[in-house]
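Structures follow.
After this come two complexes, each holding chain A, first together with chain B and then together with chain C.
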Partner chain A sequence: MTTGSLRPSHPLFAIDRVAVALVIVLIGFGALVWLEVVDGAFLYLLFLLATAFVVRTVEVEPGAWLGVRLVRRGLVVVLTLITLDLLTMHTTDFVNVGIALLVLLALGDVALGRATRRLATADEDRIDERQEAMRNRAHRIAYAILATSVGLTVVVAEVATPESRRWLSDVLNGGAIVTFIQLLFFSPAMVIAWIEPDRIADEDGPRMHRDLQTRVAYGMVTLAVALPLLMSLSLAVAPVRVSAFTRPEPALLSPSGERTDPCTYFYARAQAGIGLGARIPLTAVACWNGTTAYEQWGLNASDCVQSVAELATLTTIECRRATASDGSLHFTYRTLLRSPILPFVSREVVMTLDLTKDGKVVQFP
Partner chain B sequence: MIAPRSIANASSTRPSMNRALVVLLIVCWLVVAAQLPYSLHGAGILALLALVGLDALLGIMTGWLAFQPTSRLDERQRALRDRAYRMAFRLVGAGVVLMLGLYIVGVILDSILNAGPSPSTSDGFSARTILALVELLIITPTGVVAWLLRSDSEPADWRPARWLPLLAVPAVALVWVAAVLSAPMQSTVVARTPDTGFMMGGATCGHFEGVKRVAAGFGGAARLEAEVCWNGQQAFAFGDPTLPRPASIHPEEFSMPIPGLTSCATLPLDTDFGRVVEQCTGTIDTDGTLHLVLRARVSPLPGGAGSREVQIRLVVTRDGKLVAFD
Partner chain C sequence: MSVRAKEDQKTATADGQRPLFNRIAVLRTERQLSRQQLAEAVGVNYQTIGYIERGEYNPSLELAFRFAEVFGLPIEAIFSRQPLRPLSEELYPRPPKE
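So, the complex of A and B:
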């Protein structure tokens, strides 16, 4: 039996390059759509991609610890547990604790790449025949794991009961996508880490040189890990940025020809945290008639759900409108922002509108 | 190590035949995965059987190399198989990304061609998507092996036993017929009250979504979407002027149709594996309670044989109490 070229060249339109291009187009498309709302997260994502690119160009050696099979297997077990945890995570949990797990997973994958010298994705000319055979075998085993776990889970969940369909739909909005990506991109490396025997120092290839490129790569990895922590701390430390304005609403004539009560349009936006935080808007029209001040629109419970959280959890503590005995209008919108990475870091943001019965703005926002 | 004859004979197939089968398989897969045309109008089972037939043919042509245990392969075959799996791994990744891209294109085209918001019952994948995903996972390594195999001078093996796997086609057809005729229907209902995305002066509204699937969606599905409002006097479905108008609402306010808000119509993917005819009837009784009933006939088999009657009932009182939704 003869086969076609078993050692293909690297054409411009190789399948892996096309796949990577498609992924970049999709991420770019999504990022453009969300750019308006999640600029900090978008910039961090860009930095992560740049870090991955730079790290990818640096040669790695596993070192004494990761050269030991037992340690590598321990790493694989930890990665598997995190992956399974993400699979069962629903949307709300994913927002709350998923980010911390994601950071752990990313760190584990960096260690995995180091432990296996990124053999799973290395260019053909960088590996010998033994390594290629092992890599191909690892892909076969990883394929069986991927096809069985993904195929069986999806088919059983879809066909079994309506509840299992809803479960699938729910986890797809949560951490299941991360699980799938982990399996798709890292399971061959996990299998290599598992099956490769203990490595003797300097057995395969020269010792890594700590040149400038390597130092930059390590610096970027450190920064990539530290940035979420710094952004979390900014939630508590950085001042809340508030922008606000008011303008009189044009007077209208009622059907009977009388002028309606004077009203004012209120707009405010509070922004807490840097890169990680939330934008809390308050938009409303309130009027007065000398006897009482009242809301026309924008000061209801349904208006306290317009905030946009960015890699943070946001809880509405208070959303209350009241008219005092002197006819003045009071509205309080109080939210609590919490970092999902450092849950003990939080910030309370309060927006207030106090309007007297004769149209005087006592407090806003 | 000596390879079994079935595998050795796999190389006797002319490469053009193997590659033609692979190309045909890709075309069939794209039809299923691309969601274009929007609906297969009951022909989904033909696509499924075509894929199963092509899978069996490719398996026969390659001697089922991708599924053989290592002990039955010689070194070269093992190398070919493992390499095929590595390439298949990347192809599966590319295939899933392609499915996602095609899904986005489908959604954009759908919103352009079918004006108005689409119904949004989110309860998992469509049957067509499941089929595309499972097919991708099962056959990609075999497809790669078939593509890589080159010819030699050995004659093809035409013994009848070699073609037995093709019996999978009638077997799958039989299982499908049994499922669409006897499997219990699956029902999903979602009630969102109050509906924060829709407001009406002097009334409170809720959104109700219901879908019933035959054979887990592999036999078609009936679907109901309703925006039901209530004002203390009456409950009524809003957005479809053909449904009864409540006396407490001004005719002009009620006459405006809002596509997709209240709809007795299937999604295109609901009719991939079965033809579906739906009809809605609504009444508002003297208590002001709304009774909305969807009746549908789902016909997975040609000529209406084995049709199943589907009914979804929605009852909401004038003060918004949900009495029945099943």
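So, the complex of A and C:
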């Protein structure tokens, strides 16, 4: 039974600690992934981490916007959609988009903990009879959902046909574990967020401290939400930054001592989007002999898988090398970048190398 | 389903209980107590006071007795299964119309 304002204690596996630990682990993985180039996406992940820590320092405000049932239900829906997205996500997308979604999921879980004032994991001596009843009811509902989910999966995996097992293994990729953890640790809080009525107005409850720290926290949360949208828009709006250079390759001598055909080293890199986008390189050495132009190395299908996506999905539309009848060499790599946050925002990037039989560069990139 | 059961279902609280009518808001105002102060006096969270006032949570017998002790009134003066009349009306009932 509580006396005075509610401040639930913090057991070792409290919802917020698990969420923060998840964020730290994910940031660690993110750091490994983006270790080579510190770009906007990595900085954004660091910003999310900083936001989570700043928000945690602000007092929970009963009756604030997170106390409104509609907002809490919206948060539950968003968390459910993210979990489902992770559950059905293909393994190849997990490194880029999956990590971003995991971070969003962890931040959402932190918000959920604040919205429910961590009732789901609060000790009994810190909650009153109403809160205890709500917590027990939430646990009953949550674990019924968990048992049903796991039970159905087991039934499909063990009882059903080999086709359904194959379907299950296709559907459940890396996100199955994340989904299980989410259901195990956070579904009681999600149920509380869903069923708890609107909080009473804070007419005489603890007042929110409108100090600088709170304002900074609100600003950071706003920015953390807005940045992915802005980064998504940058994919369509920001110009594609292209850097390119060519240099003549030193002529090699054939075994008989004759000079070989002249060649040129081509290097180009296109960067689309800010923080969310991709870096698309094109590297090759092409030669010519007056009759035809040809590649010494590069300009193959393998050059179309060198792109590095940053929180964006990348689809190859065209990857083609051709030698025209006039002997000129043409290479086209056309790719489509799409934002996972705003799927209607996309950008097509084309890398082209056109070289005549006399070594004249018609188009690059 | 009986008429009574249907009525109960319509007016059930969030946890499916039959609502309990109470005078806590009136008594609290009368004694110039904030929800926070009353919550501290009976040993619950102040949100719980709000939910009880709104009829969204039925307190346990133990908690109902604590309200009675704090207000110095019998339980039936604070809680009722039937809608409660204003206290003034109970103290000074209107004479029956002829």
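We adopt the following convention: the second predicted complex is superposed on the first by the 194 of 365 C-alpha atoms of A that agree within 3 Å, B and C clash if a C-alpha of one lies under 4 Å from a C-alpha of the other, contacts with A are read in each partner's own complex, and residues count from 1 in each chain.
Following the convention adopted for this analysis, a contact is a pair of C-beta atoms (placed from the backbone, for glycine too) under 8 Å apart; a residue touches a chain by one contact, two chains touch by 3 or more.
Bear in mind the structure is a predicted one, so any value in this text is a computation, not a measurement.
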First (chain B), second (chain C), both or neither touched by A:219: neither
Which of chain B and chain C A:197 touches, first, second, both or neither: second
Touched partner set for A:159, first chain B, second chain C, both or neither: first
Partner chain(s) touched by A:142 [first = chain B, second = chain C, both, neither]: first
Greater chain A contact set [chain C / chain B]: B
Which of chain B and chain C A:290 touches, first, second, both or neither: neither
Partner chain in contact with A:248 - chain B first, chain C second, else both or neither: neither
Touched partner set for A:130, first chain B, second chain C, both or neither: second
Common interface positions of chain A, toward chain B and toward chain C: 1-4, 6, 133, 137
Residue ranges of chain A touching chain C (in the complex, touch as defined): 1-6, 62, 127-131, 133-134, 137, 195-197, 199-200, 203-206
Interfacial residue positions of chain A with respect to chain B in the complex: 1-4, 6, 15-16, 18-19, 22-23, 25-26, 29, 133, 135-137, 139-140, 142-143, 146-147, 150-151, 154-155, 157-159, 161-162, 165-166, 168-169, 172, 180, 184-185, 188, 302, 305
Of chain B, residues touching chain A in the complex: 8, 10-11, 15, 76-77, 79-83, 85-94, 96-98, 100-101, 104, 122-125, 127, 130, 133-134, 137-138, 141, 147-152, 186-188, 196, 216-217
Residues of chain C that touch chain A when the two form their complex: 14-15, 34-36, 40, 43-48, 50-51, 53-54, 56-57, 59-60, 62-63
